[in-house]
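Both complexes shown next keep chain A, but they swap its partner, so chain B is in the first and chain C is in the second.
This part shows the complex of A and B:
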């Protein structure tokens, strides 16, 4: 009951965050040193007053700034995102985002998941066996893995997988689901369109799409994996020596239940913010990794819009990123309330 | 069959650090019988808690029980046989804030013990848990059983911990400073509760504290611990009436109300040393007001003193006939004046 209230409070608090972030974006783009209208025109057109005027009007920049701000903000709120100016000229931004976003989400989802399913258990394992050889091996591996830069790791992985036939005698392309379209590039998610349940029913397509992003997801999640491992190890070490764990042991709880029931759930508490803050990094990291692996995701779109000067699109994408980040924050709050009963009950 | 629950013989628990080996408990022996409360008293760092943890099998790397035996109901525990007796020895820790797992309800944690030791599940377990909470004096138990530890006050949490201990249906209860973290009024209530439960369940209790006042109220027999050793052991009345070891006298003198007239309570200067090797001296000598030459070179053995019927022992050279020094006149403590 009061958990629901806590979540409602967090949801309300997200509104000013979105508003503030979006307003700052508007200010930087439309009131900043770069005139969005000139960026949309070619050299020749800039000097043509009629063309310049037309661009200004289309962008709404000839209205009073406040009017423009309100218009812009309200169209974002109702997701009336208009059309692009430069990039994929004239296509609907909504359609563009719907086309690009799923690939990024797919990539992000698997990179978070792979990091969690490898990093956390490895960290917990190292923590349970602290100062043994297996702890040292796991910890060292985690640190080395974490220290490798994304772009380098990405290129190396592609190089190795590309010649896997020669190196391992097994070709990555034909191992498991067949990758007919090459080892990098877009995962084929079209089968999910309008039917998300196909994720479970059309297992072959799902596996193929996972295999397609797996190398990119591993690279994107590599730093998170290392972090989660380290924090997981520390968390277990800390919880392991708490009185309540010893009390449970004295009570006669089996070693197995001691680990799974009493230690791990408490050790997860400090991991939640780590995992969710890693998810923020993914948004930035995806720009790089999507370029290396040739995935047309939203990070790639943002990158293109920025270097080509499609400022209205940059602004719209910023809005999408802000929503994603706030969304991740809310997921974090939900996870907290699930794991830790103390959350939301302060002051009762 | 005798009523001895716990027999600790010459227990030595050491901690191996990179630099040295710390003898936290260095050759202590004591028994706890059914229905009896045995006290372990000393300053922090004297090794009382490590003694308790040794008895419970909670000594972990880098600590190890190096020597001695701990027999529970005739079964040797040293060497890892605690599992067979889990639940027979229960514990109440010092800090009730930390003794309960924060992410499970109090009821869940009591029921866990009930399931393991009494095979109760489901509604039967819930009912039993509520009953236990009532037994330890928690009002509105039916609602409390579904609450989390953070919704309990410190005193209530300690009661809940005691309920968990009882759920194991133990024979021996180890209380490690169970009231130190609590308010004075709550302290008295918890002590009363422990006393009541002990009589009802005929429990043996090993009671650890630094508080001589609590010792006087709760225990039958007292062991005074200093730097890993028992420097004096006696029935509680005998110890308070006729303390022999200078350390015991110092501890007694520092109880408020026992020293008449003085505004300031006498204290024992300095702190407990860390023992790292076989003793060749009296470990209390640097702080002892009566120390003489031999104290630096001879390790005192425990010898019988006081009332011959009382099983009163102390380890101090003043009482050893081999040496000429004799104990100071009764009642003289440190430089702190006369006891009442």
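This part shows the complex of A and C:
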């Protein structure tokens, strides 16, 4: 099977996955034990038949279920996401997502990047010096780091940073870019609006936004960091004992070239699927991390919608999450076929 | 029957086996009261659930009779709740200070648990050496390999200590949940009032109000006494109740939900993996699609959505919502386990003995159960252990958000939440200690999974279950 066909097959498979996931969401929310219409109304309004009727009509729940399902699904496909009920009452969901999503993406991007730049080198380092004290310290640290619950780690990190003046003698707020608006909260991304190049031109604002989101990103990436370290270590150990490394050594390749060209490069291959397959950890974890750090991201929006009873919004957001995860998985497939030419040739 | 009898007789005349049985009996007698209490309690609940049977009077007599049986490791035998009467401690074990009495009881509980464990291992070795027909089975190698795996042993010890904590929860806490949290105004406690120089009595609820941990001015830290002579190994919570008691009882619900959900999802995953490996083709493809679709919804978000939707159903009343949580976990978490055992199951389905069994005319179900399942149970153990750690993190994460386990029931994540406001003050212990415990327990489960994996399949270095132990990002 050629690579193009392999990719085409993956793309084709993604469609039923999105459809199935969205249908399950619809069933849970609209056919579940809770009547979404009553959840939207206050105590007094529930007893008012007119208000209840209006809510039902607006949700389309007075139609036959199949009709409602088709309507709901088709409006999702064309991204006609409707309006909210309780949360930010009556605002357009599209606008709301456009407002909240950038902060989550910003957080997710940096958490992936920080995790890679800390986890992978540490894992390679441990693998190159396997079974030494530094290997044990690094491996042990990675395992414990991974086992820490994100929400707790976030609270502790905030406490340490908040008292950094007393503990380290340096205040986190004034270290580097000045954080005038507190150590946690929303990163200010407004400068990027309509001008993505400002990321490079307005470097001060970029640094400030990064610093604001860095603690949250470290926490969110903690699980991935531990995994990447572990896989990186195993990969280096495996590659180190390959025949071609031996051959290169015999040929007299310098240590430097041996490590960078022959070992590290090949050890990168198994890391790609790990990095992307952790997308669901990032998206799932964003709920807790955004709650702890007070970031108004899309995970926080989902959680608020769930506890306040805006079930239609919950369903819509779930659809967005499904699209994101399936999309990331597709990107992973593309990357994988680029890096490892064997993929798709073995015949799945 | 006669063969078994003679074997039992043989065993008892053999010195070592008789000694082993005797030690077992002794260990059981020490805790017979607690065991009978548990059995009788369960029977009573069962009988009371039956309609039309009125035996309440008789049952209460039985229950109180059983309560009277002395138990070594109970609060009554080694009490730690006493008071100072000016010259010495009254009401504590041997007049020791409450801290020492409590520490003694906790140490004894753990000694007992480890002794019971050692007794089991001892019995297995006697069986293996003297009674088993075969000299060697492949499983022996697995056990021997595990014994040499230090990291796995470390995990086993941690997990065993956690399980002991959950099993002996009522005996471990310095006080009880009922007395200290649920019904604190229904109990009294005595204390030494140094101003008046006499022993006074106060309601536990009022005493709690004076033992709050809410920052620098008002704080009962770990390993201290409060003003009423009550000992707090981990300090008090923000409402003045004892943190250690809260955590010990909370370990129970975490363990029960974790084990239940992992067992359920393992059976779902095994059934589906065997089916898809046996039939392959379209069946396999459709299962890939379904599991992909479930995985496309991030587990934590799915958990939040389902707990919200199912919050008002009757099933949420069972075990403070823990049962519902276990069900939701099972139905959202099986995909990861299914993913991991599908590969091995597919490999096994290619073996010759499967073809042979088929040509014998065995039914697909028999083939799957007898000729395929034994080869994937090892993988189920590995991923089960790692998923359990992840489940504990997720449960804690949900209760941190205020979902899942209903509030009066102690849960570790809620302790983190309750102490969140005081982390930067003197009352840092409320949030810090439960988090450390979670980290430790999850590390233990992951290490145990690693150990089992290396024991079962020493060649495999697939870093399996990488994401299983992370609890969906909680």
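Operating definition for what follows: the second predicted complex is superposed on the first by the 336 of 348 C-alpha atoms of A that agree within 3 Å, B and C clash if a C-alpha of one lies under 4 Å from a C-alpha of the other, contacts with A are read in each partner's own complex, and residues count from 1 in each chain.
In this section, a contact is a pair of C-beta atoms (placed from the backbone, for glycine too) under 8 Å apart; a residue touches a chain by one contact, two chains touch by 3 or more.
Source: prediction; values computed, not measured.
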{"item": "Clash-or-fit label for the pair chain B, chain C on chain A", "value": "fit"}
{"item": "Which of chain B and chain C A:217 touches, first, second, both or neither", "value": "neither"}
{"item": "Touching partner for A:229 - first (chain B), second (chain C), both, neither", "value": "neither"}
{"item": "Chain B versus chain C as contact partner of A:287, first or second or both or neither", "value": "second"}
{"item": "Touching partner for A:248 - first (chain B), second (chain C), both, neither", "value": "first"}
{"item": "Apex chain A: angle to the C-alpha centres of chain B and chain C, given in degrees as a multiple of 10", "value": "80"}
{"item": "Partner with the higher number of touched chain A residues, chain C or chain B", "value": "C"}
{"item": "Which superposed partner A:339 touches (first chain B, second chain C, both, neither)", "value": "first"}
{"item": "First, second, both or neither for A:272, with chain B first and chain C second", "value": "neither"}
{"item": "Contacts of A:93 with chain B and chain C, given as first, second, both or neither", "value": "neither"}
{"item": "Smallest separation of CA atoms, chain C relative to chain B, angstrom", "value": "13"}
{"item": "Residue ranges of chain A touching chain B (in the complex, touch as defined)", "value": "131, 241-253, 261-262, 265-266, 269, 339-342, 345, 348"}
{"item": "Of all residues in chain C, those that touch chain A in their complex", "value": "288-290, 292-301, 304-306, 308-313, 389, 393, 396-397, 400-403, 413, 416, 420, 423-424, 428, 431-432, 434-435, 438-440, 442-443, 446-447, 461, 463, 466-467, 469-474"}
{"item": "In the complex with chain A, residue positions of chain B that touch it", "value": "56, 58, 60-61, 83, 86-87, 89-91, 93, 95, 98-105, 109, 112-113, 116-117, 148, 150-151, 161, 164, 167-168"}
{"item": "Footprint of chain C on chain A - complex, ascending", "value": "13, 16-21, 24-25, 28-29, 32-34, 143-144, 146-153, 155-156, 158-159, 162-163, 220, 223, 227, 230-231, 234, 238, 274, 277-278, 280-288, 291, 299, 302-303, 306-307, 309, 311, 314, 318, 321-322, 325-326"}
